[in-house]
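Lettered A, B, C and D in written order, each chain numbered from 1.
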Amino acid sequence: MTGIRAGILGASGYIGGELLRVLLGHPRVAAVVPVSRRLAGRRVDGVHPNLRGTTELVFRSMDDVSPCDVLFLATPHTQTMDMVPGLRSVAPCLIDLSADFRLRDPVVYERYYGTVHTNPSLLADFVPGLPELYREQLEEADLISVPGCMATAAILALYPLSADGLLDGAVWVDGRIGSSGAGSAATSTNLHAERSGAMRVFAPAGHRHEAEVRQATGLEITMSATGMPEVRGAQVVCRGRLSTPLREPELRRIHREHYADEPFVRIVAQRRGLYRLPEPKVMHGSNFCDVGFALGDDRDVVLVAALDNLVKGAAGNAVQCLNIRMGWPERLGLAFPGLHP
Amino acid sequence: MTGIRAGILGASGYIGGELLRVLLGHPRVAAVVPVSRRLAGRRVDGVHPNLRGTTELVFRSMDDVSPCDVLFLATPHTQTMDMVPGLRSVAPCLIDLSADFRLRDPVVYERYYGTVHTNPSLLADFVPGLPELYREQLEEADLISVPGCMATAAILALYPLSADGLLDGAVWVDGRIGSSGAGSAATSTNLHAERSGAMRVFAPAGHRHEAEVRQATGLEITMSATGMPEVRGAQVVCRGRLSTPLREPELRRIHREHYADEPFVRIVAQRRGLYRLPEPKVMHGSNFCDVGFALGDDRDVVLVAALDNLVKGAAGNAVQCLNIRMGWPERLGLAFPGLHP
Amino acid sequence: MTGIRAGILGASGYIGGELLRVLLGHPRVAAVVPVSRRLAGRRVDGVHPNLRGTTELVFRSMDDVSPCDVLFLATPHTQTMDMVPGLRSVAPCLIDLSADFRLRDPVVYERYYGTVHTNPSLLADFVPGLPELYREQLEEADLISVPGCMATAAILALYPLSADGLLDGAVWVDGRIGSSGAGSAATSTNLHAERSGAMRVFAPAGHRHEAEVRQATGLEITMSATGMPEVRGAQVVCRGRLSTPLREPELRRIHREHYADEPFVRIVAQRRGLYRLPEPKVMHGSNFCDVGFALGDDRDVVLVAALDNLVKGAAGNAVQCLNIRMGWPERLGLAFPGLHP
Amino acid sequence: MTGIRAGILGASGYIGGELLRVLLGHPRVAAVVPVSRRLAGRRVDGVHPNLRGTTELVFRSMDDVSPCDVLFLATPHTQTMDMVPGLRSVAPCLIDLSADFRLRDPVVYERYYGTVHTNPSLLADFVPGLPELYREQLEEADLISVPGCMATAAILALYPLSADGLLDGAVWVDGRIGSSGAGSAATSTNLHAERSGAMRVFAPAGHRHEAEVRQATGLEITMSATGMPEVRGAQVVCRGRLSTPLREPELRRIHREHYADEPFVRIVAQRRGLYRLPEPKVMHGSNFCDVGFALGDDRDVVLVAALDNLVKGAAGNAVQCLNIRMGWPERLGLAFPGLHP
């Protein structure tokens, strides 16, 4: 088979595992090179048991990575920024899934991540890995920075109205996230006995992703976040105020038109049924982001979005960016629709 | 044993079951009379299996209810308002857990419940069953209307600041509720396969409880609600704006002072640990309402409250009202602290 | 696109939804015809929200089904047996997912299903839809009966040892099943509040699937079953006794050899890691059946298998049978590997 | 208040937390002394958030423990056996919840726990903390060893038939246990993302508790165990063979008679309803052990038991032993009946 060679740094984590799953099933990827310092030499299906029977790959150490056509960085926040310069010789295209190159302003980065950015000159070189807003730039991008999972949901929820200047004043984004969002390291925070059944308001205000949403939409954003007792899934409920009164059919039309050509955004705002607004439960494994809306009294508007935090919120979105960058059909390797029930 | 005789209408439902559990363990209740039209003649532990070994009671039909000292109405919304006049001869004190006498204004009732109130003249006679706001009135009340579960949480979250006039403008209340809140009737909405793992935004705006919160606090309230994949528990996250800048120690002091003498409100706003803000997970079975707060940028403030929707959000709160009405110690029968993990 | 036309009776149920998902993504299926008496005229993505954006299909009524190349019957037990004769003119190949043609002996059927079989003469015409045991017969079969989900798991767990005559005496099969196994009808049994967190031993002995396992393996089988608080997934833990002492490497070799050429059976019996034995959690949406084993004292042996009850336990297995019947590659349309975590 | 002084070693763990909850509500316990090496000086409600508002206690270090009337050892397996001799001067009565003094035979201990017993001479001095079998000995006991959670369930499930010699041959005990059974230490095994939704067969055969069940019943026992995706709850399903044919009413009578005077054993074997056999879901926080039975073909019998692994499986059972030892009413402090739903 002819195809590209794709490397994954941090391939033993949850995002790394999803990258492996998607890339191993991608028709234009000939070879996947999984890198894990900790597990070099061990089989990837040891930590990603869903891949049993589909691959015999073993993790490699960093020293052992030969040149690739693309390199995905599923490496930790605050550590990735130092790695990027040295990786440019490994692959002509880097797709970073950490937070390190998401914010253009190093001062904002420092405020939200509590550490000085060590490579601020590179920030402007990264294109945000959000096809719905930056598709044209992605076609040429060599450095791509995939946004955070709840940020992606919130940006896609708010974009149709914000782009048309239809939102007025501050927006409250309430984010909900499953436990896989905290990664695969064992900490007491994520112990099953503590997290199961919990609704943990871990960020009552000022969640880090608000900076990304503000940057992408230009809106005044306040963001809270709650850890929900699920493994996968992110949902945002955003409350804003319309700058001009709109009725439901107009809202529907605006949303439909904005996302008419998007392969992975669905407008979900039904009048009946159990799934009237976006619901992460039926999106596990899929690359969709569902976006819905509802009107309140006066000019209040509520925008809801949902996605799988590891797919459209990370690995799937990254592969969608790769497809765009390579000029391939955008849905390649990303056809799985999710499960119900 | 000397003690009162307490009747429960709607004793086969989830709130009815909690009333049974609490009243059977209450040292001043000598007899409990469980009424269920549907299950008259059947043992109560058939539908409430946790009560096996603690009671041999059977459900009675309504015809079979002899006079009681107090009657709890765990009967459906919109049906209870017609029953009240006829029940006044059965017991000198009625404690209603339906929504029918929560709103003082029949016009507001009609708007939120979609039906005309058939006993509007009685509305003014009911005292809200919320000890933290109406304790003195409850001491003399013969008609008590227990507020909704999320309304109770939101009112207790907002009350310290609203009573002191410290909130400015509109407040968004985001409610989260477990599946027991929808009752024990089998509908596709609450099928395990559909609800498990879901975060269902069933009320993106205008949830019914907003009318209660508005009435109790005088604030401008917009309320959304999401069904969470838990059985028990309600949580509200409220975002408002301070009318004057306050710092964290002042907020803490205000909350502590407001609830200093309350046996069932705990201030939960820790700087470390896994349970820094109110969390329903550790409150199952308890009559506590936990209230916490956090400051955002500028004058943004976030108020969080959590409770067990069937206890402090219904049956436990009702028994707390009974204790007050009878002049008993307020904690009687309500000592269970909840479980961890 | 050239391809076959596939009809689905009972397309609104959970198995029907999985058939839709798999067939809509199948490269050799040109048209899918979903039939639902109850929902004729309504969009399929109304009840199967994961299919939003992937299909615009609407349910049809039975009268409206034009001839198909294959017809899947996802219709209720005890009702399907009367429908089969009339359906043979609709499609040359029928694949039944009900229990009605699984047992060859109508007396056994009556004992386990509590009703007389009304088409016993057809029983011998059905080939069991279990490729691992009946692949050659399936290549020519026009009538296929897909086994029960836990039966499939148990048969595949026991087959390597039973086929070689290595099991002695009775085997206890302990089955565990998620709530989707009980279908999409709303009953109090499957109410979220009642089922969430439960381990319900609904069949302490004599579960219906034991007749299928007995028929396929010739072993003396006793089967218990517990409803687990998950939506998807079936697992069996089988305890038997070896007729001759074997050691772990021999057991491993026997299992590997038996399933060496099977595309959808994986041997899972690891010495380390979190997923040492078959675990349905990481198999959602996949067509795998994982089989593992462990030795106890003396000649005790424990065999474990897991699968997704709606996929390898129903819809996926049915499509695997279709692939065999049509002479297509067996993995077509069934490549999804499941998710972790 | 007059009452005893009770110390708890290992008070920061899950069993320690339950001991705190129960003892703080116990009418004859005047003082509780919580000891934790790791958290000395910190408030107990920091790690046991359900106790907020009910206690201001702080953990002490071991050096700081003044003499108590009773000392509960919720300390790790294999470490507790060395501590016991030194603790005898601290309290006249020691109640050990570790596994170290459960097995009378040090050879068996070594086989199951992989380490030599360092205090074998003490083994015979401990009375098993299982009131249903050893009540008389407990009345005088100064050293009590509380059995394992699944062992308690299995012994109580099997005891009525085994005591009457009605079981023949080997019994398979299939145990299911929630994640709290693995303790509060953060390990990848118990990470929420890995454990949620799992049915992990961590002991396909030879689970440690089988030695306890064998010792208490004299039966030939093989025990498997599966980690279930719940936090609390243990259930055992035991399959055996009757030595003589019995019918259901006889089985019922035997069980009822055996446990007629037991305050914490309920016979649960209903013909209808959702909770026909023992179900841990409705037992959280309660000290009950529910025992049920069902007949299979021939002389097969299935015995089922359920309990809360931290209460009747640990802390509650320990306090029941204390009540017996002190000559107090056995239900003191243990009245909570569990919750439904």
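Couple of notes before you dig in:
In this section, a contact is a pair of C-beta atoms (placed from the backbone, for glycine too) under 8 Å apart; a residue touches a chain by one contact, two chains touch by 3 or more.
All values derive from a computational prediction rather than experimental measurement.
Common neighbours of subunit A and subunit B, listed by label, are C, D. Residues touching across the subunit C-subunit D interface largely coincide between the two copies, over half of the numbers being common to both.
With centres defined as mean CA coordinates, subunit C is found 35 Å away from subunit A.
Chain centres here are Cα averages; for subunit C and subunit D they lie 38 Å apart.
In whole angstrom, the spacing between the mean C-alpha positions of subunit A and subunit D is 45. The set of subunit C residues touching two or more other chains comprises 14, 180, 184, 188, 193-194, 196-197, 229-231, 274-275, 279, 341. Against subunit D, in their complex, subunit C makes its touches with residues 172, 174, 176, 188-189, 193-194, 196-202, 204-206, 222, 224, 226, 228-230, 233, 235, 237, 239, 274-281, 292, 294-297, 300, 302, 304, 306, 341. The touching residues of subunit A, counted against subunit D in their complex, run 14, 178-180, 182, 184, 186-188, 190-197, 229-231. Interface residues of subunit A, counted against subunit C in their complex, comprise 14, 17, 21, 25, 46-54, 180, 184, 231-232, 266, 268, 270, 272-275, 279, 282-286, 288, 290, 335-341.
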